[in-house]
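Please go over the structures that come below.
Each of the next two complexes has chain A plus one more chain, namely chain B in the first and chain C in the second.
Presenting the complex of A and B:
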């Protein structure tokens, strides 16, 4: 099989406009991602870093103006590839200044019409999504089983009500819900949070999608339930060979489920690559990734009753993106040799080893490194 | 709508029946007391000032007494299914109230349906598109219509239709066979537009619908390729509509009094007006009870719909 990513996002920009501040909120700013078949891509970052907006942009579910404004989202299914943002460039005029988007004129109605046409037969069918807060994300007035059966009828070849019901029961069993026959008739409020999340997963899987997007699937559940859901998703990944975009701020969840990972900060990707390289003990981390890892309590720290290392400063206000590196104001790894660069110039995503890319001037300095040299750097620490 | 809804509905009906009995007792007591305090009596209007002040005395050869004794006497007969006779016409109150009550129910339901017919499209349009020029115009129009006094608008409508077009005969209901046709449309139209319900319905339905359209589960419906309208139907449409209709029945009934008067519609409102003029106490009491039953039935239907649509409501 040739290496063709199932989902390939390039240069995705999703902005919102704040009338009161008269400025753009650059929620997703030139993001590129790709996921290979059967792989799970973890998307991590603090709250407000643009993870969920990225997912909603893929699904065409962004509300608010101007919304998605540029980029391409390529989906390669067995039937062929399509760009979900095809033809949308006609409906938007972007004015750039110094490479930065300063003005956007968008024909929202025409955009939405075209986007909906592009997404017909894709949304829900080829790309399904699991949301956080399942009790509110499932229709509170309809039995969960019927909601799953609806997804079956809408998105698979199964059209009959009886067969759809049988499929729904199958999926309820697949996500390890006890006595699916009974649970089928429960409304979301009649299920526990964990069960409801399982039902939500079943509903997404029932469409038999090519790509699954899971937006914070474990957030808001208590710790034991969280680990059950993580276990379930791990099992499902093996059983169904799912291609997944997994969004979480919980690095442990990403570690146990993802194959590759992208770290987002201030609306853009700071680092991406294989999980071991990005989240492992390698020393080739972006300062932001390193700071994120340091802020997780580990057993040694808990036993020694030491202090947790918080990242200093606040999450980047995406209305005022600095000219230089987005993380510069909070970075603790700037030294005098690169300070001027960090402050004034935005670094590019630099490939430091096969598929492992970092957006940091510290690694740009080491640009002459070959892939092998980078491996050395990893081993040194 | 599953079988699980039947038990809560049965429980609700028992509870409602109990409440209805207490409510009717309370309403009749209050109205009876007010009538007792009110100046005038049926025989003064019929026979002049010399008539006695105690209507039981003449009607039933019953001794007069304190107001509560009169009330208990009336209540005792009501419990036996006898609402008495009109002091004016001598007809049995029960038959009169049922006959005119049906006409009023017809007028009320018709006008509420008309209001919905106008309010729902405006609400859906403005919930979807926001207050665009058209949406704003429609909303403003609904406010203006709701602000028109129905007695004035009723006469304008009659004037235009009859004098300009010569379409509608003046004597509505003069002949029982006559108002079966399209003649009932005018009062329904006037009450539907001018009872003050239209603008409130537009506003309430729009707010509810646009709130529901931003709910997480509607986003989920879009994400799975389902129709958002289908998913928004229960919470964004069925619940607010029944809520609004039940809440507006008393107002529409009140409006019916005026409209029936204007159009000479043989309904309960006109009968109530007449009975009040004549101090026709048995009739007033009968109409009061009937109106209370009307209002309570509306709220009962609302609650049954709520239980069917929203199983959570039944688990309290």
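Presenting the complex of A and C:
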């Protein structure tokens, strides 16, 4: 396929430093992702795997030191391309040991200024974000309609109040809020969880963004409301041809909305590719993806009232990334032929079929191993 | 025949709506009918699942059953004894047998106490014992819930979500619980960790003969873990029966909608009945438009399909929970 991705992330690293433990929390560790126009990329993985920090890195909203330390985030709009991390390298010095980042010196103030300049006219405008908790993301004291109208005036060519109001009503209707005229005047707390989530989606859409980032848009809602929001997002995708980064720990949500999927674990991408290849019954799953899928109760198991297939242990503590595969301590697919590699060497993310990439020694046995530096080189191609 | 461990008869809980002075003085002081006329029983060594959307009264039932809050009406019978009107002192011997696994463990576990101290305290409440024996029991307990021994010296905030649930379960077992109310015990957990917790509950039931009231809005887990399921809508049980029947052959329109809303199902097959309109504030009793008769009518597709039959909204014809057969009840004038 020959297309220009709208959003292309390469080698993104976002770290935090824990003073008490004197160690880096490697929340996002050499992540690469890309989304083609009009497509939805689903980002899945257990909580703590770095999904939200990835989103915040794109939005330039990471709070904490040192924050984003390397990588590029390319946004290609009709007006041209821009790297949101342009100039980052000037403000950061990284010391590596054996390919692993061990020390970072970052001029946070200087970087902040550069990042703000890079993101001017982009954040909230070209890239809009919806959050898990709409009530926290919206101003509780201002009617939702007015907040949406404000977003219209701030982010689009529309300047007049009356016209902005009309646009706001349009967006309220677009997200299928019943009687938009009435709801326009409701404060966020006067709306139910599902309605409030719709209002926030409307507010994000009001900016007419090029890319929409939705971080856990259905998490915490009741099952019926969840399915309504999933339906809505599916409709919007068809009607507006939105390019979307959809983050969820709920594989069913990702399965119903995404075109391509990236599975994240312990700060890095374990598998990515077309939704069918990654989440379908193909037998080419990464052991982590397979384990996630297995832990969802299926109809056969429910009927037999059996035990679920849990993944043993807990989500990786990114302060202590093992030398080998990040999933090694929990993996049940290690056999003797690859055990030593799994334990000692991090596998690269390798292409196993058009655009389908897997980071696992089971898929990489035939390839010669040439160290961690090679891993990063491969991510970059 | 297995013994009944808990029976609830015509339970009701009405809250006075918190409001200003004026509304509390005014004659029309608003009452929230959080739970109305709820009856069910749970057999020893069995699980009853309780489902329904946020605000429908699940937590209220759990708390009332454990006498953490007083019912407005109805009886609670535990192990053959009517405990409804027992004084706290009289209730003491029952209290340790009936425990809650809380939804919000961050609030329920003292962040300044080590896990070891939390569990030891729980074990001592009803049975003071010597240190040597206490340590042995603690070890047993920790093994039962598959908690790593090294975690005993940690503080609750240092534990992962899954570990916190284990501690919550261990604490309930420590006091000697036979019946547990598990209120959303897996919410906010990843599927992988959720599976660990559900397996643990199932395994403890098999080995210790525990009984559960399992409250959750994860329908698949409810079906998996429960023998019997009760479906609630705005404070009332609208359908109750064996888990598999509720999930696959529901008779109440609301139950049907609930299960066909499972995202997984939806993306694979098309649901028979279209989604009803989303209530503007689901699960909350609407005082502006109080519903007469069936509380589900405003959102019921059958009601709309049938041309809004008067009986559905007749204040004197609130559909009672009727037997469909020996083990299945439904509260609807036009069951599916």
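Criterion: the second predicted complex is superposed on the first by the 363 of 381 C-alpha atoms of A that agree within 3 Å, B and C clash if a C-alpha of one lies under 4 Å from a C-alpha of the other, contacts with A are read in each partner's own complex, and residues count from 1 in each chain.
The working rule: contacts are C-beta pairs under 8 Å (C-beta built on N, C-alpha and C of every residue); 3 or more make two chains touch, one makes a residue touch a chain.
If you're wondering where the values come from, they're calculated on a predicted model, not measured in any experiment.
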Joint occupancy of chain A by chain B and chain C, clash or fit: fit
Which of chain B and chain C A:38 touches, first, second, both or neither: neither
Chain A residues touched - chain C or chain B, whichever exceeds: C
First (chain B), second (chain C), both or neither touched by A:128: first
First (chain B), second (chain C), both or neither touched by A:89: neither
Which of chain B and chain C A:274 touches, first, second, both or neither: neither
First (chain B), second (chain C), both or neither touched by A:315: second
Once both complexes are placed on the shared chain, angle at chain A toward chain B and chain C, C-alpha, multiple of 10 degrees: 70
Which of chain B and chain C A:329 touches, first, second, both or neither: neither
Which of chain B and chain C A:295 touches, first, second, both or neither: second
Minimum Cα separation, chain C to chain B, after superposition on A (Å): 5
Overlapping contact positions on chain A, where the chain C interface meets the chain B interface: none
Contacting residues of chain A [partner chain B, same complex]: 59, 61, 63, 123-125, 128-129, 131, 133, 136-142, 150-151, 154-155, 185, 187, 189, 203-204, 207
Touching residues (chain side chain B, partner chain A) in the complex: 2, 4, 214-217, 219-226, 231, 234-235, 309-312
Footprint of chain C on chain A - complex, ascending: 46-47, 178, 191-195, 220, 222-228, 230-231, 249-253, 255-256, 291-292, 295-297, 301-303, 305, 307-312, 314-315
Contact set on chain C toward chain A in their complex: 53-54, 160-163, 188, 190-196, 198-199, 202-203, 217-221, 223-224, 244, 247, 257-258, 261-264, 266-267, 275, 277-284
